[in-house]
Amino acid sequence: MTPSPLRFGLIGTGRIGQVHAASITADPDATLAWVADPFVEGATVLADRYGCRSTASSEELITSGEVDAILVASSTPTHVDLIAESVDAGLPVLCEKPIDLDIGRVDALRPKVASAGVPVALGFNRRFDPSFADARERVLRGEIGALEQLSIISRDPSAPPAAYLAVSGGIFRDMTIHDFDMARFFLPDIIEVSAVGTNTFDDGAREQGDFDTAVTVLRSASGAVVTVTNSRHCAFGYDQRIEAFGERGMISVENARTSLVSVSTATAVEAKPPYQRFFLERYAQAYAAELREFIKLARGEASTSPTFEDGRAALILADAAQRAATERITVPVDLS
Amino acid sequence: MTPSPLRFGLIGTGRIGQVHAASITADPDATLAWVADPFVEGATVLADRYGCRSTASSEELITSGEVDAILVASSTPTHVDLIAESVDAGLPVLCEKPIDLDIGRVDALRPKVASAGVPVALGFNRRFDPSFADARERVLRGEIGALEQLSIISRDPSAPPAAYLAVSGGIFRDMTIHDFDMARFFLPDIIEVSAVGTNTFDDGAREQGDFDTAVTVLRSASGAVVTVTNSRHCAFGYDQRIEAFGERGMISVENARTSLVSVSTATAVEAKPPYQRFFLERYAQAYAAELREFIKLARGEASTSPTFEDGRAALILADAAQRAATERITVPVDLS
Amino acid sequence: MTPSPLRFGLIGTGRIGQVHAASITADPDATLAWVADPFVEGATVLADRYGCRSTASSEELITSGEVDAILVASSTPTHVDLIAESVDAGLPVLCEKPIDLDIGRVDALRPKVASAGVPVALGFNRRFDPSFADARERVLRGEIGALEQLSIISRDPSAPPAAYLAVSGGIFRDMTIHDFDMARFFLPDIIEVSAVGTNTFDDGAREQGDFDTAVTVLRSASGAVVTVTNSRHCAFGYDQRIEAFGERGMISVENARTSLVSVSTATAVEAKPPYQRFFLERYAQAYAAELREFIKLARGEASTSPTFEDGRAALILADAAQRAATERITVPVDLS
Amino acid sequence: MTPSPLRFGLIGTGRIGQVHAASITADPDATLAWVADPFVEGATVLADRYGCRSTASSEELITSGEVDAILVASSTPTHVDLIAESVDAGLPVLCEKPIDLDIGRVDALRPKVASAGVPVALGFNRRFDPSFADARERVLRGEIGALEQLSIISRDPSAPPAAYLAVSGGIFRDMTIHDFDMARFFLPDIIEVSAVGTNTFDDGAREQGDFDTAVTVLRSASGAVVTVTNSRHCAFGYDQRIEAFGERGMISVENARTSLVSVSTATAVEAKPPYQRFFLERYAQAYAAELREFIKLARGEASTSPTFEDGRAALILADAAQRAATERITVPVDLS
């Protein structure tokens, strides 16, 4: 017997919440039952579009008895409480990254999640990108022998506004956190972090004591080294590349282009079109795949969803990188 | 006021019919109202999946009064009659290519289509591929100056079975016909055709007097020359490329790959993954875009849909190529 | 015992003669002994640069007894007589292509060459390009199975002056002749030629009844088809590509770039530098390798040098293409 | 009046000395007058090949009065004394990198070099690679705006033998030193160094306390960050790449391939041939260009040759990286 579609309660109806609403609606194994947002107009618009119920109160949604799973896409400071309430209500949760900017609050929540009878997944969407997933699968299969170096290049197309930066937790917790999880997708056992942060173009970041440019180096227990190169801007689009270098070769993931067209003229040959603009375009397939895996997880089937522990590990690495960049030391970490 | 979704009657529920059923269902401006197939089990399965009505009789569908437009995806010999019946019923039609294998039957239908009050569009899906469309748009804008040479490479991954070949009309009418339309997408005024057909690997084709390999050269009224390179098989996947060469440069469309991963080892560097397998994968976006344009056409809005005349022109070119390859002469054509 | 360096007599000191003078000087197995040119100032300059003797008389050079081999780099109409005189003097000859523009004169010379005790090689330099040679070697080894289609793209950076065109013999005999030989490098047994020539940009060519753009299709005895795409101009440089398509894959030779640099900006990503400008740059290695092979040939060692027969075959194909393009028919050829 | 060719005395006739001997002989502005090597058989062989004088004594060569310039290609521990002796003899010197493994000895030599009337150049050949030089030139011209990140990937094809490693000074002084100079080619004012070294495959390196894998991060006074990724082995050849990322785009230098051929099969498409094997092949043009610039320097003409100060700076960076990797701290440096 085919199971009924999973009834989702979506909390948070901003940009990323809308992406998830569309994924839920498109997935034959899911339905969007409720949306909640304290900014109730946003919730109403989404509810109208998809024909579901809306509320300003996440509590009403969680306790409605009409949802089977919670998707948390609200602002970061609300995540810890919403995870706790969902777990208390016996509902599986898929929560957007990060869990919180404060590792103390994350650790306080940890025992509840560990002893909960329901799974808590973290929204590290890049793990579900077909190309990154394929690259990692081939590394695990030993196609290039032992992994020795992993290079992650991750540049956003343009810097966020100062208001966003002010509550972001800084480049390592806000942006590099995705790359820390990608590093752990290939090499889970990171033991040491060093980092250099600089200010090259964004006065807004400088004024807030944040960096706009960063290089982070991670050492894994195996001896393999990960290099993460970040910039808050990139004139040629969303720069998202990986190179996994091993004893017998290298597996690379290149950028996604907006088309298959190239142009050759007197001054440049085989010039390609711009890369895909930003994460909504680049990771459209990944968001859908992430949801499918979470549905499996919620149903108790085998799933590759990253967990609360993965979310905690990424935050520990981000904290360590922040400290390494500020104090100019190498910081040992314990992710266990 | 938003118009109601267009109610489609789909005739033919084979592979390509199923693609269109999915496109219609996914498009917010369309609904699948009826499906018809003399093989009624196929129609029933599709009707069950999408919750619409089904019938073995295309006539019942066309005259039901419950559809606003017809999508013809049945076998080629039925196209002419179904177009005629649809037009008589005052229904816009999107018909899969080719109109027919016999130019006589096409010409006999031509006046009815010309004087009909409803549009008839042909399913030349490749015009709607975003990369081909972008390449052509840039050529029209003059980005490479006057177009001088157009090279179309079009190879299928593997040869069709002998039973298919027997009713296909031959490589030029069955396979190259897409490339003839692509040639006319860039250069509508073709005046001359020469062609070489050979048998290099497929004994089935040889036995039926068909070719498995062909090169066709078209001359346009402007003096520009089009080269079409075809093969019925291709070990590395579906080979679909275009190079538009002009006085100031070249615009190329390369193949679509299955992922962004490449591998470097001791024997090969930067080896890419296989190309997308075949037309359902390669032109998935194109089928959806084709439908959107047809909906505009059916509603009387501006549309880029290829017309009955485009379908007729492609068949004339195919006939000319067949003759050129057989008689080893250059064949003048008049597409007016 | 190492043989003494081969003493070369070079006839013709224009652009291509100077290339050969440099190659001869750089090769440890060759020395430049004499240069001849009726324009004696050119000969003198070259003789001064390389410390050899010069003369206005090719006869004096050939009969001097001080040269072991002749390199003919003078104007086309002189080739037949110079080959004959060299052969009569018992000297091996490396002659620039074409042998002559008139197949009658070539055929008249043929018996003398066939019965000569010395080898006559033709300067089809592209056979010695390391990448083309490697591609052909791999095709012969069966790396892609039976060869089914060969595509040769050959575009010059810019059209020659009208004065050059007037004595060139037309695009097929002057430019495509290299591609005909390249076709035969992969597929010697060509049996049929069709061709389309057009005028798209060069009024000088049109006034002389010549084409500036051409597509030639060759059929080989094996059923394989060769497509040659030519243009007399190309905004992005010297466009020299080959694709050999076989039952199990494809081997491609791409263009040579001027550097390894690429640039990514907001409007174009991974834009490459221009291709190498023209044949002197693109085929520098090939000219040196051609000379090395000729030295082996002159010494009676195994050599891959193209022969007089190859030069004759290329001219027959050029004549056939000229006729095919003019009369719009397919022309059978017999290269035996 | 054309100056006479510069008469070179070459000290050291091993692999790199032979490269320089060939470059000197090929350059019209240079002649090889003397070669010296305590292993006199090596010197004799080279002298025989090029028709010059040989000796076991570098002193005899330097004081012979028959050379105009010295090229030092002997083992590292001899460099300081040979530079000193050459300067004392009033002879310009081109010395292979590094000056020495001990910064104390370099600093002791520094005043003599500073007050010498003759130039001392360091053999950082990569500055003369046409692609790297072009990339840097374009960055300096502002083509990508302010430089923000520079990524240097530098992997050798295979690890050196243990005996070599034992006297190499470690990966940073032996291998990364080239990358430190390349970093300073783009960003001379480095102020801070951090580094991670690991052992992933080479037990020989581990036993000697050396690393086989390293990532070094440099901070420049401008705020720009340089990342150097090193490995002592690379299955797909000599991996030598640069990416210069700036506010308006990126300039990349990709690897040099051994040919223009690519192969597409059922399992991999557009697979390229291996990269060029090692530095002798990859930097052949660079060694010749390096010599030409040194000749200009020796003649008092404008020259881009890297200086003794550049050699000292690279060693300071290498020492700092060694310390950073060992003590796991960020090390400030003063290159003035």
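We just call them A, B, C and D in the order they show up, numbering each chain from 1.
Keep in mind that, in the parts below, a contact is a pair of C-beta atoms (placed from the backbone, for glycine too) under 8 Å apart; a residue touches a chain by one contact, two chains touch by 3 or more.
Bear in mind that the values here come from a model prediction, so they are computed numbers and not experimental data.
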item: A-D compared against A-C, more contacting pairs; value: A-D
item: Chain centre separation (chain A, chain C; CA means) in Å; value: 58
item: Inter-chain centre distance, chain A versus chain B - centres from mean C-alpha coordinates, in Å; value: 40
item: For chain A paired with chain D, centre-to-centre distance based on mean C-alpha positions, whole Å; value: 42
item: Residues of chain D whose C-beta touches two or more other chains; value: 144, 235-236, 248-250, 255, 263-266, 270, 273
item: Touch-based graph of the chains, sorted into line, ring, star, complete or other; value: complete
item: Interfacial residue positions of chain D with respect to chain B in the complex; value: 235-237, 255, 257, 263-275
item: Interface residues, chain D side, partner chain C - complex; value: 130-131, 134-135, 138, 143-144, 248-256, 259-266, 270, 273
item: Footprint of chain A on chain D - complex, ascending; value: 144-146, 148-149, 151, 153, 155, 192, 194, 196, 198-201, 213, 215, 217, 219, 222-225, 227, 229, 231, 233-236, 245, 247-250, 328-330
